[in-house]
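First, the structure itself, so that you have it in front of you.
Letters A, B, C and D mark the chains as written, and numbering starts fresh at 1 in each.
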Amino acid sequence: MTIRALVWNENVHETTQDDIRAIYPDGIHGAIAAGLEELLGDDVEVRTATLADPEHGLSEAALDETDVLLWWGHIAHDQVDDEVVARVQRRVLGGMGLIVLHSGHFSKIFIRLMGTTCSLAWRNEGEREIVWTTAPGHPIAEGVEQPFVIDRQEMYGEHFDIPNPDDQVFISSFAGGEVFRSGVTFTRGRGRVFYFSPGDQEYPVYFHPQVRRVLANGVRWAAPTPGERRTPEVSNPARRDWS
Amino acid sequence: MTIRALVWNENVHETTQDDIRAIYPDGIHGAIAAGLEELLGDDVEVRTATLADPEHGLSEAALDETDVLLWWGHIAHDQVDDEVVARVQRRVLGGMGLIVLHSGHFSKIFIRLMGTTCSLAWRNEGEREIVWTTAPGHPIAEGVEQPFVIDRQEMYGEHFDIPNPDDQVFISSFAGGEVFRSGVTFTRGRGRVFYFSPGDQEYPVYFHPQVRRVLANGVRWAAPTPGERRTPEVSNPARRDWS
Amino acid sequence: MTIRALVWNENVHETTQDDIRAIYPDGIHGAIAAGLEELLGDDVEVRTATLADPEHGLSEAALDETDVLLWWGHIAHDQVDDEVVARVQRRVLGGMGLIVLHSGHFSKIFIRLMGTTCSLAWRNEGEREIVWTTAPGHPIAEGVEQPFVIDRQEMYGEHFDIPNPDDQVFISSFAGGEVFRSGVTFTRGRGRVFYFSPGDQEYPVYFHPQVRRVLANGVRWAAPTPGERRTPEVSNPARRDWS
Amino acid sequence: MTIRALVWNENVHETTQDDIRAIYPDGIHGAIAAGLEELLGDDVEVRTATLADPEHGLSEAALDETDVLLWWGHIAHDQVDDEVVARVQRRVLGGMGLIVLHSGHFSKIFIRLMGTTCSLAWRNEGEREIVWTTAPGHPIAEGVEQPFVIDRQEMYGEHFDIPNPDDQVFISSFAGGEVFRSGVTFTRGRGRVFYFSPGDQEYPVYFHPQVRRVLANGVRWAAPTPGERRTPEVSNPARRDWS
């Protein structure tokens, strides 16, 4: 079954800063979408949407056609409409997969789903990040090199204020000595959520073959189980005779 | 060290319905507070607060003196001020314990900390509830009878839409055949959260000795580790020389 | 990709007791195998093996061709050769899926993978079991009725002495009031493990359409991620130059 | 209540190698015991036992008087009697706390409780280890510096083949770029288990003030809940009338 992936990007850096556009001429969303198409081929149908689109490209109709939503945001988190965030949350709880990327840790949708501050330590000096697999049998780690290296990256370090994840898939170390739980999964309602930290507007991380592999695996993993997609809701059943 | 517990109750049923006041003449908060004092003695210092108090009795100053907050609400969830909810959430993330009771599953604070709908199935026909311990070595289960019976209770049933809990302490069955994860724990930030479903305004559940035992244990368990209490926050450390 | 499932059954009750053979004329393994073939069709290739087979039908060669092993045992747990158990454990740690059924909670392989006693409460009076889904978005719950009823079953009750599971998929209640975590998952090494309690030699549970649905879903879920299957082992890497 | 801690050490390196005895003149167990006494004072009563003692110092009588057992072993894992291992396991399942140290990851008791290979990557070149707290509200992290540095240590790296831990308390990075889940907790039966990797016979790690703090916190955390200590066992209850 074809997975319908929607790559959402605030697309602000790329449209306002020449140096960023030079790295991501098609936007971060374009780079991510290309990676998914390259690795998943006919198994995926990829669309993109950005902050500037009407309803940020996240109308009910758009979400109706989305199995997995990927989310990249950074300097414009507060420009995302609260109503759209609530809508996306309902969809996740109803079964839509969500992959939150890098600085998306501070997005409204991630904070709402986690219930914590989602704060962390950071330093932007283009440090070497080494990504280690801690769950080698996990579908998201399939075919991923152990470890893989990103030559230059923003440092994200612990303490990362998130709830206990369901699965701990990747942990990164940085040249400066910090560590970070860089790949973690959660279940919220019927939906599967994957947070993956590698990826930044200043470094061409989304062209890295191993990062692309992780994102492709993540899309497969987060795709909802076939069948009913419905946000959980309260019910008031009559007492039944089970015999 | 004395644990400072604050029992919060919306206190609406008791002040507006004679039949409820007959069950809880000192309010649900009064019954819970009495239970804690009975079982924890000098180890606890109990205060109470209600919706009608200024700032709902949950000012910064009041929270400064609170180690564990117990929360009971039902028909007035939406009257709780959003700013107070955000304040309580920050405190929990900073280390304050939180015990959410029964219909508090739909409180703003619980929903914000969970990130899910927190919906469930319910039926109010005064059914027998049997509470089974699934984690006999857990501090919250200490000295609790396996199982214990509540003669008449509102039924709460699965699916209960919560994230995977850290620990699964109690599961209940009801006369009608339903089951419910009636005692579950979570970590959010530095804070420990315990949800316990037995307890309702129409039944004298908070006078039940086993329920009182669970709440007393819960207060001990949720009390913060001595030392720093601080909401996690973002940091931007310089690169250090570790040698 | 075709999943190669191997249904293992001690096959003692069926070969020594007429009343059990009347319920399971093709053995419990035969009933389970038929259910998998019925529901998974060409997606699965099912074989069976029993205690009486050479090496219990679990030679290295047989396991080489097994993606998911289903395990049913009861009165002959101690007749399973320790070397075979160690072999199966290594395979699970290397990525082979394992589904442990009903009284298999006391099998050597399950106890070894859990590290606990795996003890529980039981009573065999043909009680009604109601199976509730607690993780409606989980692949194992796909298309399963909420709840489903097994008219007559052996009661399994808490406390079930297992480690905290990864996912809590089903909880059962029994006519006698007991509850049981009847569907739980674990990760061990690269392997996925699913324990499912409904199923007994004295009741035709493995012909129940909902039980068959769960087992078929379980086989899909437990099948290893494509790629490397290898038991984790110690390594002594030289220090690398990551630049 | 005084916690009765028993520090177990194989005590082979210290009695056979002058260079190791120079680092740990009172044995690794002596150094650990001194640290616990220093930090916990009258709250703890510390004894030690070694491989050479009758029954390795782990008789039923000795375990009767033990609340928390700390375990250090390395080159003599296979000399530990299987019957003693089974006895310790039963005690843990019955509520005794267990702290497994460093190379104890390959001890019989840890492997039996985990069900996995407990394998990892290692390299002994005296590398700098930085230990980061990932659960700042956890009792085991109380008062521990974020991060703390061990100047020279054996490297332990991922993949560490353990089941998903209950709580992830510390993650370490090494000068060579590797990462390791260096502090993790588990529940097995009624018992609490803490694995902590810093500590080696060739480096004076057990004199490090932060390591001593972690172990003291660990002893407090792993101490059993007052009341019944009993290994879980099977039961066959009659059907009860709950009314």
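Quick notes on this one:
As a working rule, contacts are C-beta pairs under 8 Å (C-beta built on N, C-alpha and C of every residue); 3 or more make two chains touch, one makes a residue touch a chain.
Protein names from UniProt, one per chain: A, B, C, D = Trehalose utilization protein ThuA.
For clarity, every value in this text was computed on a predicted model and none was experimentally measured.
Between subunit B and subunit C, the least number of touching-chain steps is 1. Considering every other chain in turn, the ones in contact with both subunit A and subunit D prove to be B, C.
Over half of the residue numbers found at the subunit A and subunit B interface occur in both copies, marking it as a same-residue contact. Comparing chain pairs A-C and C-D, the larger number of C-beta contacts belongs to C-D. Inter-chain spacing, taken between the CA centroids of subunit C and subunit D, is 32 Å. Those residues of subunit D in touch with two or more other chains are numbered 130, 136, 157, 159, 164, 166-167, 177, 187, 189, 232, 242. By the touch rule above, subunit C contacts subunit A in their complex via residues 95, 128, 130, 135-139, 141-143, 149, 151, 166-167, 187, 189-192, 224-227, 232, 242-243. Remark: subunit C residues 89, 93, 112-117, 119-123, 125, 127, 157, 159, 161, 163-164, 166, 176-177, 186-189, 231-240, 242 touch subunit D in the complex. Within the complex, the subunit D residues that touch subunit A are 130, 132-134, 136, 146-147, 157-160, 164, 167-168, 171-174, 177-179, 181.
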